[in-house]
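To keep things simple, chains are lettered A, B and C as they appear, and every chain counts its residues starting from 1.
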Amino acid sequence: MAEPLLHVDNVSKRFGGLLAVDKASFTAEAGRITALIGPNGAGKTTLFSIVSGFAAPTEGRIRYQGADITGQPPHKLARQGIARTFQITQPFAGLTVRENIAVGSHLFRPRRIDALAAARAVAEAVDLGDALDQPAISLTVAGRKRLELARALAIEPRLLLLDEVLAGLNPSEVRDMMPVIRAIANRGVTVVMIEHIMQAVMSLAEQVFVLSEGRIIAQGTPHDIAADPRVIEAYLGHGAAQRMTAGAAHG
Amino acid sequence: MKGVSPILVVIALLALVPIVTTSPVVLNFLVTTLMIALVGQGWNLLGGYGGQYSFGHAAFFGTGAYATAILQLRYGVNAWLGFAAAIAAGALVGAIIGAMSFRAGLKGSYFALVTLAFAEVLRIVASVAPVTGAGVGLLIKLDLRPEAFQFQSRLPFYFIALALVAASLIVVRLIEDSRFGAYLVAVRENEEAAKALGVNVVVVKFTAMSVSAAITAAGGGFYAQYFLFVDSGIAYGPWISIEALLAPIIGGAGTVFGPLLGALVVKVLGEIAKLLTGDAPGLDLIIYGGVLILVVAFAPRGIAGLIVSVRGVFQKARDTAALERSRG
Amino acid sequence: MLSPVILVPALLNGLMTGAIYALVALGLTLIYGVLHIINFAHGALLTAAMFAAFFAHKLFGLDPYVAAAGLTPLFFFIGYGLQRYVIGPAAHGEDRNILLVTLGLAVVIENTLLYAFRADTRTINLPYAFEVVEFGNAFLAKPRVIAFGTMVGVALVLWLLMRFTDTGKAIRAVAKEKLGAELSGIDVAHIYAVTFGIGTACLAIAACLLLPTYYVNPHAGNAFVLVAFTVVVLGGMGSVMGALLGGLFVGVVESLSGLYLGESLGQIGIFVMFILVLLLRPSGMFGERA
C-alpha cells in the first residue's frame, strides 16, 4: 500500500496548561475523503491549524507527500498544495466574490486577466457563477460557505481541509453541497473534512477518525464508527452505549 | 476606473491650467497641493490599499528632503542625481522600518505607534546632528538654472510636480491591476485568509512600505528644491505625517485619485486657516484634526466613496424608473 | 559609586517619578484593557490637564493638590463625553477608524492649546515645592513624596472600585467578554465611557501632582505619555499591576541611569527603548499577545 498523502504522527498541542491535542495520529489516503469527527472542543480545528501551518505542534510531526512539513508557515504549505477552509468564514469583506476567488487563483497565475478568468471557472464549479460581482458580505451563509470552498479550490490543492463546511446550512443546502464535495474528490483531490452532520459523514467519507478530548479514540469506516460504543460515549456521555443496548434489548 | 486613460485625461486638464492663469499665487497653491498629493499617494499605497496605517510618514518625507540637500551641500552632487538619491534613500528607510516592524508582527495600533516613534527619533536626531544643520537647518544654495533643479519661475516646478503626481497615479493604477495589488488588498481585508491562499504577508507589507516610502520621499526631495530650506521640524515633523494621511482619507483611501482630491481639500482648508489667523501656529492643524474626525465619522470612504454612493443612488433611481416603465 | 548614600536617594526619587508614570500608564492600560484601543489622545489630554491645573493656580490661586479635587471629576466627565459622544460614534466600531479618531483628537487638543497659549513654557512657584522630607539619610522633595502616596491611594481606590462596586464589576465583565456582558444587560457604551473617564481622571491627578515640580507647554504631556506607553507595553497591555509596577520600575531605571550616564540620554533613549520594546515584546510580561 502506498504511503498516505497526509500522515499526522503523534501530534500534541499544549496551550499553557491546556493539552488541546494529545498524541493524535491520523492519515489521509490520496484521492479519498477522510472525516475527522468528535464532540465540540475535541481539538479538531486545532489539528487543522497545525496541518495547515497556522500553529506548530508541541510534539509530533506532519508528513505530506512523503516529506516532513512540520512547522512550515501557511503560505508555503498553500504553495505545496494544502488548502483549508475556516470554520467561521473569512471572506475578504470589501471585495466581490470574483475578486475573493481571484486571490487564490493568482497563486499560479501572475496575470490579473488569467486569475479573474480562472476565478469565474471555479465559481461556476461551486454554483456561485451568478454572484460573481456581488460584494462578498452580501452573500447568505450558504453562499459564504461556497465562497470559502471556492477560494480554497482556486489554489488548485492536492489536499483540501474542510472545517465544518456544512455547518449552518439547512437540509436542502446540505444536500446540494454534498455532490460538490464528492466531485472534488473524484477529480483526485484528497479531502479531509471536520463535520458534525452525520448524514454527510456517512455518505461521503471512506475513512473516519474520532477525536475526543484531544485523543483519537476510534478509526474505521463510517459503518464501524457508528456502532463503536466508545464513539457513542464520547458524544452522549458515560454509560450511554450501555443504556442504548439495554434500551434495544427491552424495545 | 479601468485603465490609465482617466489619469491621462486629468493630468492633461491640469496641464492646461497655465493657459488660463500664470499667477504665482495660484501656481504656488497648485504646486504645494500636488506635493501633498504625491506624499499622500505614498501613504495611500501602504494605508489605503494595504490597510497598514502609518502615523510617521514624515520619516520618508524628511529623509528625501535631507538626502538631496545634504548631497548637494556637502558633496556637490548634481541636484537631479540628488533627487534620485532622495527617492532611493526614502525607499531604504522604508525597507528598514518595514522589515523590523513586519517581521516583529506589528499591526494596527502597534504599527502606528512604532512608525510615530521612528519619525520622532529621526526628528530629534536631525535637530541635533551637525550634518542636518542641527537647530538651524539646511539652506540649499540659490542657483536658478534648470541643471540645478531650480527655476526662475514657478511654471517648470508646476509641470515637474504634475509629472511626478502623474507617475505616482500610474504606478498605483498598475499595482491595482496586478497580482501584488490583489495580494495587498487581501492582506488589508483578512491576513489569515490571505496566508491560507499562499500570500506571503510579511513580504507583501514590506514591499508596499518600500514603494510607499519611495513615493513619499520623492515629495520630500521636491520640497527641498522648491523651498530650498529644510529643518528637522519641516522634514520630520508631525505636520507632514498628518497631511500624508489626511489627504488620502479625505479623498478616499484605497483609490487612485483619492490623495489628489484630498490634497486639494487639505490645502484649501489650510488657506482658510491662514486667512482667519494669519500665521498663528496651530489653527491649521486644529482644522485638520477636526476634519479627520468628521470624515471618519460621516464619510469613511472619503470623497471618492461619496461619489460612488451618489452614483449608486442615481442608478437605483434609473433602475426604478425603468421598472415602472416596463410595468406601465 | 555604589554607596548606599547615593544609591538609596536615587532609588527613592526614581520611585517617586515612577509614581507619575504609573498613574499615566494606569489610565492607558485601563482604556486598553476594557475598550481594546490604544488611546493616541492620552498625551494631549495630560497636557490639557496640566494647563488646567496651571490656570487653576494662576487665576484662582488654587494649590494644585486642592485643584485636583475639582479637576479630577471635571476630567472624568471630559473623558466620558469624549468616548461616549465622539470616539464611540465616529469610529463605528472599526479598529482602523478608532486609530484615526484618537489621532484626530490628539491633534485638535494639542494644537488648540498651542493656538490659545502659544509655545511658551510656564511654571508655577509654590512655597513648599522645595521643602524636603527626611527619610533615613535621604532628603526627598515633598511634592514627590506626596505624588507617591497619592499613587498608592489611587491604586487602592481603583482596586476597591473594581472589586466591590457594581460599576467596577461591570467594567471587569466588559473587559473579559463584551458580548456576554451586553447580553446580560450591561450598557457597554456607558461602561466604555466610564472607563475612558477614569483613565482621563488619572491624568488630571497626575497633572496636579506634576505641576509643583515640572513645567507646562503644549508638548509637555507627550514625554510622559511616551514613557507610559513603554511602561504599558512592557508591563502588558491591559494589566493594571503591570502598569503600576512597570511605572515604578521605569522611574527607578531612569533615575539610576541618570546617576551613571548623566542626563544626556535624553528623549532619544526613551524613544529607542519604546521601539525596542514594541519590536521585541509586544505582549509584555503580564498581558495578552498583541
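One rule holds for everything that comes next: contacts are C-beta pairs under 8 Å (C-beta built on N, C-alpha and C of every residue); 3 or more make two chains touch, one makes a residue touch a chain.
The structure displayed is predicted, hence computed values, not measured ones.
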Which of line, ring, star, complete or other matches the graph of chains that touch? line
Ranked by contact pairs, first place goes to B-C
Could you give the separation in Å between the centres of chain A and chain B, each centre being the mean of its C-alpha atoms? 44
Approximately how many whole Å separate the CA-defined centres of chain A and chain C? 48
From the C-alpha centre of chain B to that of chain C, how far is it in Å? 33
Send over the residues of chain A in touch with two or more other chains. none
In the complex of these two chains, what residues of chain B are touching chain A? 177-179, 182-183, 185-186, 188-190, 192-201
So, in the complex, the side of chain B touching chain C is made of residues 51, 53, 55, 100-101, 104-110, 112-114, 117-118, 120-121, 124-125, 238, 242, 245, 249, 277, 280-283, 285-286, 288-290, 292-293, 296-297, 300
The chain C residues in contact with chain B across the complex are 37-38, 40, 86, 89-92, 94-97, 99-101, 103-108, 110-115, 118-119, 218, 226, 229, 266-268, 271-272, 274-275, 278-280, 282, 290
Touching residues on chain A, where the partner in the complex is chain B: 52, 54, 73-75, 78-79, 83-84, 86, 90-95, 99, 102-104, 106-107, 109-112, 115, 151-152, 154-155
